[in-house]
């Protein structure tokens, strides 16, 4: 499989759950179909927004299976692998690959702090256990570690580690990564970043929760970026930005799930004790979606 | 079951694992027996040091079963319940209670941040699912939340929430908790605190990893505290303190596991990607244990 | 001058200011006299509570002169030296010594971060510029540095660096300092710590804002500690603790100044943009002082 | 004076000092002249890089006087006002305005934390004390506060508060500011940001230390941005980026001063206890400047 084929808008899919925490399979399948019709270029189930950290393996496995099936080869699926131990992450990665995904995104949550050496070893071991492309993920706001440039350099030597999704929001850090590693690691934007700028830096796509709610607008943004119409892209970006702000103010999964409910997808609530969207947050999200034309 | 019966030295048991991450059952049983003979007053398997955040449920379940069996009713067992979701924590708590434990210690790891309301709801829901006493646990250094006094006041109204283990190391916070809640919540010291001072504040015991390595000395410290021989307790404390310092400098589980290996218990290493103790750390731990007379 | 003669309760004196920021000299002199009559063992003008970071040199100089004069040799005066540059701190230290103080407390505020080497160099250079005893001060919550044990070891080699006031509130850190350095550095408690425990660790006194408001109670606490009546000291401590909590919840100088106003000392307000005590804070402080019997 | 006339490259001037901390007047005048000949559009003496937090008022006053004189009306001068108290900042601001500057940049260092209300009051009071345009400055990495959007909205109502220099490095925050306030506040980039992106967001210029070392390249970057040649700007940006990285790795003033020494301007060292550039840092800066063609 070529390393270069992931690009564009990859919604960080929510995982629809009923009140008992069971997967709402039809809702997920319907959402996948809807988003493909809206033009998205791929899917990332079980990322942060997908509550990958909170779900048990049978639910995660079934969610990935369903997304692969519903996508039906029309667009690639890059599934999240989110496990505190290396051995657990390897097991999840191997089983996930068997489900027919096109790539995996590896998230490393932590309980105790880890150092560079542990971080490198974890991602390298997981990458070597699969043959599909691997997206490295970092979010130093939530986890107690971040990739250093030397760590990324070592990891980029693995033939199937070819992408990075950096959710730090630190555009200077991304600039440093691009100047040091642009020939070996491709960047996906997170919604903590301004995607237009990540595209300008050579970013190949946008993987984040908002694309579940505003797929058309996200695809339009990507198209403008691909045509290097930077100013138009930025103007569009500005109209979409309030959604990013809401995501940071309120809780991520709660925002996306509530917005999808408003759009007619009964995806349920995030698993407690995650924050639920309260009345004020709900009104804010509703107003923003209306302004964007997504409701 | 009375609320008041937990007191004294409760080693935060390590979970002995082989290179494949499988439980070394005989080693664990032997360690339990050894520590009882050294005078400890109870056990806390699956705390932080017990890698409760890193193990899968079958391993956790078997570890608790074994500790309950090996303790054989000689001392109480308070098992850790460590789960990111409330529904998962409830399930673990209920199954753990069925294994015959005398209490549970509830740890709330996080991926996304949580607020007071979520924290209260999580601990309350878990407590209500069991009938055994519950120990609240907080470590704001590792998790992204801490108990506020108002949250503790609400939680203390649950009839079976009767203990708190605060691993913040902030003695002023503990003083505030004691002045506000001493009649309703009993305190266990963590090794981030100076146990002698926690005992002076009315603390009923010490739950932490070091007691695995220095059970006799820990029991002696507790006895001095019980006899209100505060100065002697503090003198003993000073001789033991370098071990606490090493635990904070190097990684917790790695320190305890390495020290136990030196003492003849082949407990293995912490699960990657947790930090392993390097040569320098190993020498430091060895020297400290020798100075204390624990090697 | 002997290194060992500072001990007991040293109120961190506020600096009384009128609305134009001018020193209210008589109020300061009256406060000093009042506190001596209440039994305090010394004074620390120009500490954090004394707004040492906010005042210009002429005001600071006049405040120290006045305190030295009002104390009249009855108790020692240890004046704060608070300057961002080493050359400025040296100048202040030398001029402060000439004003007849018995010692200086050196505070290092920062704009850019500093490392161990810079910290050591700053305190050493200031200490060598004077012949009086020096108290090292650290508050890692507000400044962006903290003393490491190796840094303290180097600084303790200076003959006139003989005291440390650690305002971190981390009792474990203090335990580490005491086990490593108790023969060479004497400790003063800050109000972020529980003074009773600092006394148990060998602390020689308490330097902090609350002693301005509750001098008798602070002296009583010290006396109990001197007589090693630890449990009685701790019982007294518990009754005083709500004041420490208020200090941390509301702003330090604002709390002490408001409380002194209630006690009849028209010390004015902290210099803006420091926080002023609002109505709610004022009520909280009033209630606490009444409960303690200090109003 | 119109509010809108500041734009382009404003070097954050270093303050040349000899070993006794005295201003090297001729060096400063020479540097100003050199930078004007290299095309810069204005000067900001006494910013962070200018050690505005570390210098006494006579030195600051003389530095501003000299820069105004050396600039001779050829380009505007926006001088830093850096004072912990509002009354001190007002005094500095008024006296600075009298020295003939075209604007002031207000920096608020802190000792104790401040809240929104204090922040608003400080900047508003300073702005009302002068008639020249005011640049708001924030650097949440070093100070313990940051502008909230509501605070900026209130401050933007002051007729002479017309600019913001945000040194947070958080491009998402800047995007939020621009979407909320672009009609009322103009943005200057800091070197913690990627200036090209700030220009795309409508930023009017770049105020930072690196422009002292690479004035021609900075001006070229600005020109490309003005012509909306975004991709060329970003390509140029990438070649300059290693200098930003060095500034963050080593200390700011130390980097700029060392680089200027290499370029033949004997500006001396930053005032201790600020970090000095060590041999390794010096080599890194030298290599980077050579690669850029600035040495």
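So that you can tell them apart, the chains are marked A, B, C and D in the order they are listed, and the count of residues begins at 1 in each.
In this section, a contact is a pair of C-beta atoms (placed from the backbone, for glycine too) under 8 Å apart; a residue touches a chain by one contact, two chains touch by 3 or more.
Quick caveat: nothing in here was measured; it's all calculated off a predicted structure.
Enquirer: Quick one: point me to the chain whose Cα centre is farthest from that of chain B.
Expert: Between chain B and the rest, the longest centre separation is with D.
Enquirer: Rounded to a whole Å, what is the gap between the Cα centroids of chain C and chain D?
Expert: 36
Enquirer: Averaging over Cα atoms per chain, report the distance between chain A and chain C in Å.
Expert: 51
Enquirer: Would you mind giving me the full set of chain pairs in touch?
Expert: A-B, A-D, B-C, C-D
Enquirer: Please output the residues of chain D touching chain C within their complex, sorted ascending.
Expert: These residues of chain D touch chain C: 20-21, 48, 53-54, 56, 84-88, 108-109, 111-115, 118-119, 121-122, 125, 142, 144, 251-253, 271-275.
Enquirer: Across the complex, what residues on chain D touch chain A?
Expert: By the definition above, chain D touches chain A via 169-172, 175-176, 178-179, 192-194, 196-197, 200-201, 228, 230-231, 234, 237-238, 241-242, 244-245, 248.
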